[in-house]
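All remarks here apply to the structure that follows.
Letters A, B and C mark the chains as written, and numbering starts fresh at 1 in each.
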Amino acid sequence: MSEANITPVLMPKWGLSMSEGVLVDWLVDEGAEINVGDEIMEVETDKIASAVEAADPGVLRRRVGDAGETYPVRALLGVLAPPEVSDDDIDAYIAAYEVPVDEDDDEGAAAAYEFAETAVGRLRYASRGDDGPALVLIHGFGGDLDNWLFNIDALAERARVYAFDLPGHGQSVKAIEDPGLAGLASALQAFLDTVELDSAHLVGHSMGAAVAARLACDAPERVQSLTLIAAAGLGPEINADYIDGFVGAESRRELKPVLFNLFADSELVNRSMVDDLLKYKRIDGVQEALSSLAAELFPGGTQSAQLAADIDASGLNTLVIWGSGDAVIPAAHAQALGNAAIEIIDGAGHMVQMEKASAVNALILEHIG
Amino acid sequence: MNDNVFPLGKEDLLKAYRTMKTIREFEERLHVDFGRGEIPGFVHLYAGEEAAATGIMMHLNDQDRIASTHRGHGHCIAKGVDIGEMMAEIYGKITGACRGKGGSMHIADLSKGMMGANGILGAGSPLACGAALAAKTLGHKGIGMSFTGDGASNQGTFLESLNLAAIWNLPMVFVVENNGYAESTSVDYATAVDSYADRAAGFGVPGVIVDGTDFFAVYEAAGEVIRRAREGGGPSLLECKMVRFFGHFEGDAQTYRGEGENEYNRENNDCLKLFRARVTEAGVVDGGELDAIDSEVLAAIDKAVEEAVAAPLPGAADLTTDVYVKY
Amino acid sequence: MARNLSMKDAINEALDQEMSRDPTVIVMGEDIVGGSGSPGEDDAWGGVLGVTKGLYAKHGDRLMDTPLSESAYIGAAIGASTCGLRPVAELMFLDFMGVCFDQIFNQAAKFRYMFGGKAETPVTIRAMVGAGFRAAAQHSQMLTPLFTHIPGLKVVCPSNAYDAKGLLIQSIRDNDPVIFCEHKALYASETDVPEESYTVPFGEANIVREGSDATIVCYGLMVHRASEAAETLAGEGIQCEIVDLRTLSPIDTDSVVESVENTGRLVCVDEANPRCSIAADIAATVSQEAFSSLKAAPQMVTAPHTPVPFSPALEDLYIPSAEAIADAVRKTMAP
């Protein structure tokens, strides 16, 4: 047996609530040479649809899963192996494969999320990974920790990863005492205090990137490195139609076209995503939180916070990642930083960490060393 | 002038007279104009009953809420609703109190505590209990008051409301306006007890009977039950025995009445005549002062009619508005 | 955070949170506290099925047991709503509207229009609806069409705990009179419900399941029957889209028409009797608005034109079944 050379292609697990997914379609044929990051199949859950990118290289020797069928998480959908592995070995591998029992299931959804009582109120967070450097993921305006659905587990293979909901967001406290960048940065600091992280690598998306940068400037001793994804705070422009549309939308019909701004591929905006965001927006206090943040940070379609000079001055090791097709904040803002590594990813929009998860994950892991 | 022997100062006496006279002339004018075919639908006139509405409403403020009846013009005027808006409403005009959507039977002005005339007999009693409950819950000293005729006082809603107000000790007054007729049917036929006040005892509520043509008697009796409600003493029933000068509605031939009944009432039971005699004979008010009010009232009614006639009708766009606050 | 909650507990939580948030919210009804003035417990029942249990301990006299006088207390709730309170009155069983309908349809529903837009009537009338409890003809009806017919009223009928909490909070905050219909067979059904207060807006249907072959429009308990049917039909290769109306007035015909434009087939399911039902209304609306999209005649699956029977053998036949719904869908698929 040359099992060591055989790599399974599995139904991914996106977030702890996912138990099964639909293999919508294969994007590559049997026999195709696969490189890391290639999109090999499309998978859909009740929450999200996304292309699955290859995490390993090899030849797609076998498509085990059928398009249109539903499979449990970690079901074997395909087999990658070098050409020299025999068909018999592949058959034997497929026959022997068993879907691993999901150990998380016993703890259920309770283990998916935890709550930290911090100085700014109750914050929801998720943590993954036992070893390695501490990495904290900070979502953007109107987002939540599930924006890191395709990142948190991959990053956790080499880091202790924390993702949390900012105040006013997700399932964290809805009241924001100080609805501005300083207030959110102190919430981040309060989170670090509560989960007892003296310092961490910060990965922020959009407004969350500005929050991370602001903390890096205010309390550099708490920050080991910065990864700024589609970052706010690096230039004046921001898509006012998106911000105002997101804050103002009251129905599915109003919100859905607004969300098209987030992705290069608008097909990713499905009903479940729209419904979940509406459910969030309809919680008491959320409209006030979003309105006050928008008024403070993005008044009249401009960004009030400009942090590039401070970030450069901090001397922190900084990586900037942007989707080339970002329709919310222009990718050109990446150039505002003089001392950062800049990565522009083609074919991705504002939610580049979701649309090109493998590439983003690889860049982050490389960056934190 | 002699010393004032009345429980009201001269200002208030003149105010009461002006109110009663306004109601009278408002209704007399409608009687005439309806006969000329100038008013759509049907109207129920309050003429003859003015002392009741006025004597009671002199004790109320805008925070006190009343639920009225189909015969509601007098209650509206005594509660302070603008007669120009009322007249325009009766003419079905956009300038009316209800933008022409309610008409005579549904005039309301919540800012004056007038919860609405009501085309459904007896429906106002539960609603006024709600007003009383709101006053009690919110802790202001307002009261709720419902008006029912002798006919509607046989409705289950009225009797249920008496019980509800009693067990919740609501600041509530139930006024029964007994003019002897439920439409055409005599109270003697349709009501098993001699007096509605007797029924109050069955609900553990005080019942008071008063001569509804005597402003001063009404004023005094109403003052007592309203004070009781306001001070947390609970609900009461006040029965006003009164006369209706016109038919149930305009166009009613009133063949059910006895021979000469209307003429007798006009001569002997006219609350305005009785009031004028009392205050002038006591020397508190001069007849000329009342005559002056008469002229002013007639002029005001003329103006209300002129403006109502001249006012625009609602348009097609108004048909579908005002159904919901937001839909 | 969200946790699994039954519809009964979700309704209780909505009332609790709104009473805490707004001192003008009061709750009244027969036995909604239970035991008032009795020698035993003060808070004995919390409603006949315990929906309001525990609220008296927190909010005291803002919950009021009423005498058995539906006209008086429903009317009082309506009157109070025009005077600064936001009452929630429980009618126990919607069937009891027969003794207080005037207050609902001639008073509450009419005030705003009749008074030229000057009145606001923020009253919520909660009541149980629906069959399945062997409670016979006077405690089991789905009378939603009657109320939906009347301009001035809003009519809500949630199918799950999440919607129930959000729709009830919306009802209480809404400035128009709302008839809030709770299907008693759904009280125990559980979904994820956020701890926080939230609203679900009126007039927005929920797409419970997406599908491209046929649209099933339904509400309340029938959403669950339709889901069962859709599951069966999926096995036959027929993909159903299920539209849960959530509110019947206002009604989200846009979502229905949009769905039928995609599927070309319509099955309207209603636990109410067939004549002038919600099902009939939807079928007529779609026939008028999207006739050219229809590949087959719209089908209606409703209760029969009879009162609700008592005998379990009969009542089970009376309530529209998943099989009947699936059959109706198959009928639209037939060439």
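One rule holds in what follows: a contact is a pair of C-beta atoms (placed from the backbone, for glycine too) under 8 Å apart; a residue touches a chain by one contact, two chains touch by 3 or more.
Model, not experiment: these values are computed from the prediction.
J.: Averaging the CA atoms per chain, pick out the one whose centre lands closest to the mean of every protein CA shown.
T.: Most central by this criterion: C.
J.: Hey, which pair has more contacts between C-betas, A-C or B-C?
T.: Between the chain pairs A-C and B-C, B-C carries more contacts.
J.: Starting from the mean Cα coordinates of subunit A and subunit B, work out the distance between those two points in Å.
T.: The mean C-alpha positions of subunit A and subunit B differ by 70 Å.
J.: Using mean CA coordinates as chain centres, what's the gap between subunit B and subunit C in Å?
T.: Each chain reduced to its C-alpha mean, subunit B and subunit C end up 40 Å apart.
J.: Could you pull out which subunit A residues touch subunit C in their complex?
T.: 113, 115, 124, 171, 174, 250-253, 271, 275, 279, 282-285
J.: Quick check: in the complex, which residue numbers of subunit B touch subunit C?
T.: These residues of subunit B touch subunit C: 65, 67, 96-102, 106, 108-110, 115-116, 118-120, 123, 125-131, 133-135, 137-138, 144, 156-157, 160-161, 163-164, 167-168, 321-327.
J.: Which stretch or stretches of subunit C touch subunit B in the complex?
T.: 24, 26, 62, 64, 66-67, 69, 71-85, 87, 102-103, 106-107, 110-120, 151-152, 154, 174-176, 203, 250
J.: What does subunit C use to touch subunit A in their complex?
T.: My answer: residues 1-2, 162, 166, 194, 196-201, 204, 206-207, 210, 254.
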